[in-house]
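First chain written, first letter: the chains are A, B, C and D, and each begins at residue 1.
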Amino acid sequence: MKTDKIKIGILGATGMVGQRFISFLQNHPYFEIKMLAASKHSAGYKYKDVCNWALETPMPLDVKDQIIINTEIDEIIKKDVKIVFSALPGNLAGDIENKCAEDGIIVCSNASAHRMDKDVPLVIGEVNPEHLQLIQTQKKNKNRKGAIITNPNCSVIQLALSLKPLDDAYGVEKIIVSTMQALSGAGRGGVAAFDILDNVIPYIDGEEEKIEEESKKILGVFDKDKIINHKILVSASANRINVLDGHTECVFCQLKKQPKNIDEVKNIFKNYKSMPQELNLPSAPKNPIIVIDDGFRPQPRYDRMKENGMAISIGRIRQDNCLGGIKYVCVGHNAIRGAVGASVLNAELFVKKYFDF
Amino acid sequence: MKTDKIKIGILGATGMVGQRFISFLQNHPYFEIKMLAASKHSAGYKYKDVCNWALETPMPLDVKDQIIINTEIDEIIKKDVKIVFSALPGNLAGDIENKCAEDGIIVCSNASAHRMDKDVPLVIGEVNPEHLQLIQTQKKNKNRKGAIITNPNCSVIQLALSLKPLDDAYGVEKIIVSTMQALSGAGRGGVAAFDILDNVIPYIDGEEEKIEEESKKILGVFDKDKIINHKILVSASANRINVLDGHTECVFCQLKKQPKNIDEVKNIFKNYKSMPQELNLPSAPKNPIIVIDDGFRPQPRYDRMKENGMAISIGRIRQDNCLGGIKYVCVGHNAIRGAVGASVLNAELFVKKYFDF
Amino acid sequence: MKTDKIKIGILGATGMVGQRFISFLQNHPYFEIKMLAASKHSAGYKYKDVCNWALETPMPLDVKDQIIINTEIDEIIKKDVKIVFSALPGNLAGDIENKCAEDGIIVCSNASAHRMDKDVPLVIGEVNPEHLQLIQTQKKNKNRKGAIITNPNCSVIQLALSLKPLDDAYGVEKIIVSTMQALSGAGRGGVAAFDILDNVIPYIDGEEEKIEEESKKILGVFDKDKIINHKILVSASANRINVLDGHTECVFCQLKKQPKNIDEVKNIFKNYKSMPQELNLPSAPKNPIIVIDDGFRPQPRYDRMKENGMAISIGRIRQDNCLGGIKYVCVGHNAIRGAVGASVLNAELFVKKYFDF
Amino acid sequence: MKTDKIKIGILGATGMVGQRFISFLQNHPYFEIKMLAASKHSAGYKYKDVCNWALETPMPLDVKDQIIINTEIDEIIKKDVKIVFSALPGNLAGDIENKCAEDGIIVCSNASAHRMDKDVPLVIGEVNPEHLQLIQTQKKNKNRKGAIITNPNCSVIQLALSLKPLDDAYGVEKIIVSTMQALSGAGRGGVAAFDILDNVIPYIDGEEEKIEEESKKILGVFDKDKIINHKILVSASANRINVLDGHTECVFCQLKKQPKNIDEVKNIFKNYKSMPQELNLPSAPKNPIIVIDDGFRPQPRYDRMKENGMAISIGRIRQDNCLGGIKYVCVGHNAIRGAVGASVLNAELFVKKYFDF
């Protein structure tokens, strides 16, 4: 069957994030999976024969019989894909993503390796789409034909998406956030059942630093050829709890200007739309932020799949007299909105808006 | 068997908190359970025949055959107890506790009804034992021979206990706290399994208000005949998670004076002792605060039973540049340190220090 | 909007089973919800205003504003519905279901009240559709214009559905079954989180008796005007575990004739189809039984939603030398295949096959 | 401090089972830990510095500073221990256990490697203590000075212990058993939280075979110099569920002779005592079998720790008309009664009864 879709590939295709990419990209109107790369142990086998599929939805038909290639640049080049989505672990991603970019490929990466590189955009479609212009700087600096585009850490994405409209309206100065993060964020085997049953693990390696640093870059301003970081101060406490999918965040927010009332804040959240909505991108939620009035919500089990997992849900918005601002609870699907969905949205944005860069 | 122990009673003896009182008071050197009061449905029956015992440790022998009385003042008086522990729900506690106090009984109450009454001490043994002197005011004001002594809400107890040494050393100005609270805090049937499995409930009725208000009173100063509230500002976000026992709290703390370093803070926590330790009270933990250096701790399953459930565990102490102070994670057993243990410690303190008031 | 759909009603519309009926019937090609009956506390209110919706999928638009009626026959009659689905608790169902049937309504009941009545069909669409003919006997016996049709208990449905093809092929003599049943089978508040976390409850009231008795009737033969029970002996041990939806059953099966091999059994399961498939009924799964070759499956979380929750999954089929037959594991969605889906399938079967009775 | 205790060692000291051995042997009246062996990665380090302690009770003081040795026979010999407890995985245990036995050491092994060896006793203290005489055969056959003694698989121990008194009284012919097994049976990282939350895994590698085969040997008769297997037929279905500790088993039992009534069976269970009780061994429970009358019990969370985890709890005893016999539910602590406790009890038995072999 011939198609005009853009050929794409997936790095780290057999892992949990790789599987999520495959599932999320099923029947995508722009993209067609033409390359599945994984470790050399899997290379040469059909996807269905080596992938230990962990999603509740079935493995899409069109990848089942694709032969996995080794994650090496020579093999990747042969596949002639325009875009690769990187689901590699941070420590492996750095080198191969660079090589792909040098070879003319657009790398949409969920890995942390290049997120804080000065000339690599760290983008949430609805928050800082204009940061994609940093690709120009990257190409020039590094003398490469392709480019790397990254999306933030899962817990940062829902936080920054909730902060953006507040920052626009009131100016956000300080953020205190405690997270209750889902198991899937740690990968399939990342948390042992014995360790988390009837328990909380109040630490996630590197997470608090990512929340504190990435927020500043994402909310920063693109100025000619670089990002000027936002001055926001963020302090985080990250916890792992016994929930499958969906991070819950308790956010306390110091604002420069005080809202008139809570209804005003609700409306600002509800009405927030941005470039992905304007461009009507395939993966864009109609409303990226859903405000829930039920005082016992948002809850991860009930709210993580709102708008196919691409909308975040905010509830319990109330005044905060301690910091001078507001506090609220935010739930988002860490593996969709917080990972593969964000990455695919970045690719869609790039294709629609910046492809002729 | 004759004994010189003080005769005590339990109001609400068949519920979860009542059961905890009975279990905690087993073989107590000062107290002997001589009265079990519950609703009229249970009155007249042996304890073992109507109590749906929910603890993993067995029902103590000495209560099994005691006949339950109705929670009415006439019945209570007949039992001639000196102290009653109240495990009643807030809405039932107010009236009967008053009546007991009027009748000369010392009521050590875990209920919320009288906590914020101006002449009722709200005491954590290691934090504000001197507030017990408020009993004099209460007796005079209300012209009663007995008195009501309350302990704070479970989530406040571990918070205030962790704040006290910080306040002494540095002065605490603002607190942001997110809680992850255990199921047992809601009573046996308080949370349906269907609602909490693979989920978080980001709201607990009245909890945040209690945290914010009770803290000020507990950390306040006893001045002649009244409490002058502490000026601390507290903002809380309270969550229910799928853990049996043990609340986990992420605390962010703005300090007047900055600690020299984290080790100094650790030492201040570790070395904290107070009147219950000095008086060597039977239920007093040797160290009310345990500092854990393992970066993945404290965890409720592993740390809730430290010192028979009477010590709180603090870990992950780190600088907080956002508020200007420190942040840490605190775990305590909500049903022991945060409820019956606190109440019994208050009774012990009263007996040893203030009985001849 | 005019429609030729059959008007139906739901008894017990606000409970968990009632909600499941509403959700399952959304956009149904034959049926249109025109009556929602609940207790008098809810009567008179809009559905959306009193129903504490517990499903992860949103409340269907078309019921939101319907006014709930009281579950009394006078009110029900006014609504002029042809079929009612009964989601009432067993103790309430008996009387009102009789009254509906007397009044000419077809009652498709998930309640246990009339299941074992001699002239009430107890039907699983794919197992004993011909038992629906018992309606004639019922009408004659009871001199009623309507009739009651029941579906079995949730744990029986998946068991009997798995036994039917085995019985046809080999003759089933004895069954030993241990169940691991989901929380939703007990209703929303039926199991307290405190009781089931890190635990198993090895008893479900009345469940084992239902499994043992209902199986005989379902697998029995319709003979002129009555059911002759199957001679199968069934012994069950029923357990509640901490799973949201989906019962898992370990089945040990003594067969009259021995299968040639396990592949033969697999094919008999795989190829099983029955009247709902032949009639192409809207709620009929294409394959009521799915055989899973993965040796770690079926698992409730992964397999409960197969074919919209209407197919059961069978795996780990192996010889059983102890009983002389086979053993296997079976997973089905207790609330869909095991309750509302079964009930709706019965209604569809009735409409397509027997309406002109 | 001098002591007359027997010097013992632990193979696999850093794993979960090894930790359990250390915890269980704390303050043991006969034994003193003088050797901790683990993999070469840990060898040379202090126990406290390399062991990732996973128990809720603290690491015993007397092992903290012991230097771990490599699990090699030369190193082991130097330590001059009389008994070693083996907590090694099955695949590593075989060879080193043989070498220890050849070297004169008594190996009490929880590993599966030698369980089914014809001249190796497979012993549950209360079921077949006389099988220890097989050591003579082993010594002669293999010309070794030491010997290997094994205890059965965790799920077999509680099953066989429950069957023994039934077999004595009525003769047991067939057993059908479905297990719901705890996480700790799989080792600390053996089950991923992502795989088991809201789920059941209806398969445990090799478990059903062990249950079916080991039972015959344990219940067999020691005849001069060998074991004659019991003719019992056992069929098992093994499941992993989301419980920390404590296996729950639903047992269906065909008996040669029928009990007069259920009370008779209860008494047979209750009154069962055996050699460990007669010898008053330190780890022997006073009653190895506890009968629970509460119809909702036994439950793993409430009953696993009965008699320090060494008693099994049986409840829901009822007639089984299908097989002709009885059915019941049995709970035991898989890691104590089902592993280290059983192994230590074997060692105690050997010391008290057979040391001068």
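Definition applied: contacts are C-beta pairs under 8 Å (C-beta built on N, C-alpha and C of every residue); 3 or more make two chains touch, one makes a residue touch a chain.
Given the structure is predicted, the values throughout are model-derived calculations rather than measurements.
Peer 1: At the place where copies subunit B and subunit D touch, is the share of residue numbers found on both sides over half (same) or under half (different)?
Peer 2: same
Peer 1: By mean C-alpha coordinates, which chain is most distant from subunit C?
Peer 2: Relative to subunit C, the chain with the farthest C-alpha centre is B.
Peer 1: Where are there more C-beta contacts: A-C or A-D?
Peer 2: A-D
Peer 1: Can you give the whole-Å distance between the Cα centres of subunit C and subunit D?
Peer 2: Those two chain centres are 43 Å apart.
Peer 1: If you average the CA atoms of subunit A and of subunit C, how far apart do the two points sit, in angstrom?
Peer 2: About 42 Å separates the centre of subunit A from that of subunit C.
Peer 1: When the C-alpha atoms of subunit A and subunit D are each averaged to a single point, how far apart are the two points in Å?
Peer 2: Distance between chain centres, rounded to whole Å: 48 Å.
Peer 1: What are the residue numbers in subunit C that touch two or more other chains?
Peer 2: 197-198, 242-244, 301-302
Peer 1: Sort out for me which residues of subunit D touch subunit C in the complex.
Peer 2: Listed in rising order, the residues of subunit D that touch subunit C are 174-176, 178, 180, 197-203, 233-235, 237, 239, 241-244, 248, 250, 252, 295-302, 315-316, 320-323, 327, 329.
Peer 1: Within the complex, which stretch of subunit D touches subunit A?
Peer 2: Going through subunit D, the ones touching subunit A are 54, 183-184, 188-198, 242-244.
Peer 1: Once bound in the complex, which stretches of subunit A touch subunit C?
Peer 2: So the residues of subunit A touching subunit C come out as 56, 197-198, 301-302, 305.
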